[in-house]
Amino acid sequence: MITVLYFAWLRDGIGTGREEVAPPPEVATVGTLLGWLAGRSAGHGKALADPARLRCAVNQDYAGLDAPVKAGDEVAFFPPVTGG
Amino acid sequence: MITVLYFAWLRDGIGTGREEVAPPPEVATVGTLLGWLAGRSAGHGKALADPARLRCAVNQDYAGLDAPVKAGDEVAFFPPVTGG
Amino acid sequence: MIRVQREDFDPGAEMASFCAGDASVGAVASFLGLVRADKSAGGDSAVAAMTLEHYPGMTERQLEAIEQEARRRWPLIDVRVIHRYGRLEPGDRIVLVLTASAHRQAAFDACAFLMDWLKTKAPFWKLEETADGRRWVEAKASDDAAADRWTDG
Amino acid sequence: MIRVQREDFDPGAEMASFCAGDASVGAVASFLGLVRADKSAGGDSAVAAMTLEHYPGMTERQLEAIEQEARRRWPLIDVRVIHRYGRLEPGDRIVLVLTASAHRQAAFDACAFLMDWLKTKAPFWKLEETADGRRWVEAKASDDAAADRWTDG
């Protein structure tokens, strides 16, 4: 299982901030996971449609679309940050 | 009369922080005043020998060697500042 | 030291306890960020309140990484970063950064660096409430540019 | 607001009273300068104490001019500069600069500017006391360079 977290407007659009998913073995990178998640619902599809608007972290460190993901990882998708 | 003030090591070298002086009429700029003051004592001469090491203010504003001075002015000589 | 908290902080008390009694410190720089009443990034309406969401765990991890990067770049004697989350109203404090060094330039530069990197790397998101409704604040290109100032090469 | 005084000040209390309740302020930057124990500009001996001499009247006049210049350059909501004179020991506070603006870059830049210009324009002189005796601190070329950063053209 991979723990997937969503924040800010991604969470609003998808309707949940956290889900446990078990994608097929060919989902081995952030980019392929993103594509697979986008097919889960219309809300997912819309929120995850434009990777350029998203940032990703794997196990709480920033990661690019080609970063590997595996069972047990915590993968988060969120908009560019606006703190401070 | 012109009020002349000295600060920091200039005051230490000259032996006073303030003197009232009445220089001759040809003393009409900071530079000529400086030369005239340097002749008042050995301490003055040594402390005022090198204008490059000095800063000057006329009536509490920074002034260069060619700035005019006249009776009633407050003229201060001091080293480059080291506050903050 | 990093603190991520919902409750308010007292900048005066933080400054008083920061490096107290360490006579190697010649310079303390600080930055305090507050919620502005007039600040609506995306509309004409005044901001009535905002909610700062964050990613618990990653926030602390990223702030600690930013603190370590600042310590690597400048000879800092101490660093303190406090960032709040939750609902905040105009005038409320959001963030405090304190840096201490022997010299003023290191303290100033490190403080500005911490704010610039925090703005673009710490996982916080602002949800504004105005008379027109609620909206997520968009990231600003000027913040990216400010952060890029510190990138080598 | 400029204050030149012999007595100590409380940075926390100053910060707490600075711009209190003004919700147009989004950013407060501050700088606190202290006497360092290890700081002897001209020798190997530790500084036991220093005496800050100043030029009463001109000091306030120059600091007010520097404040006005900062307000001319940046959209500042408030400025506070407190500078002490007299005998100070390691760990003692020397100077506090506070700047408030809507945005952080203006607050940061104005604070650094005020310190840089103060260092080269405000008529203060430091007399250090070390085990080797008393000596007037020489002005530093690095302070001139820092002040020159802000000169137009």
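The first chain written gets the first letter, and so on, giving A, B, C and D; residue counts start at 1 in each chain.
The definition used in the following text is that a contact is a pair of C-beta atoms (placed from the backbone, for glycine too) under 8 Å apart; a residue touches a chain by one contact, two chains touch by 3 or more.
Owing to the predicted nature of the structure, the values given are computational and were not obtained by experimental measurement.
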Remaining connected clusters, assuming chain C were absent and nothing shifted: A | B, D
Third chains touching both chain C and chain A: none
Farthest chain relative to chain C (centres taken as mean CA coordinates): B
Where chain B and chain D are represented by their mean Cα positions, the distance between them in whole Å: 26
CA centroid of chain A to CA centroid of chain D, Å: 49
Separation of chain C from chain D, taking each centre as the mean of its C-alpha atoms, in whole Å: 23
Chain centre separation in whole Å, for chain B relative to chain A (CA means): 73
Junction residues of chain D - those touching two or more other chains: 33, 104, 115
Chain A, residues touching no fewer than two other chains: 84
Each pair of chains that touches, named by its two labels: A-C, B-D, C-D
Touching residues (chain side chain A, partner chain C) in the complex: 5, 7-9, 12, 57, 60-62, 76, 78-84
In the complex with chain C, residue positions of chain D that touch it: 10-16, 21-39, 90-91, 102, 104-105, 107-108, 111-112, 115, 146
Chain C residues within the chain A interface of the complex: 33, 52-55, 57-58, 61-62, 83, 94-95, 115, 118-127, 136-140, 143
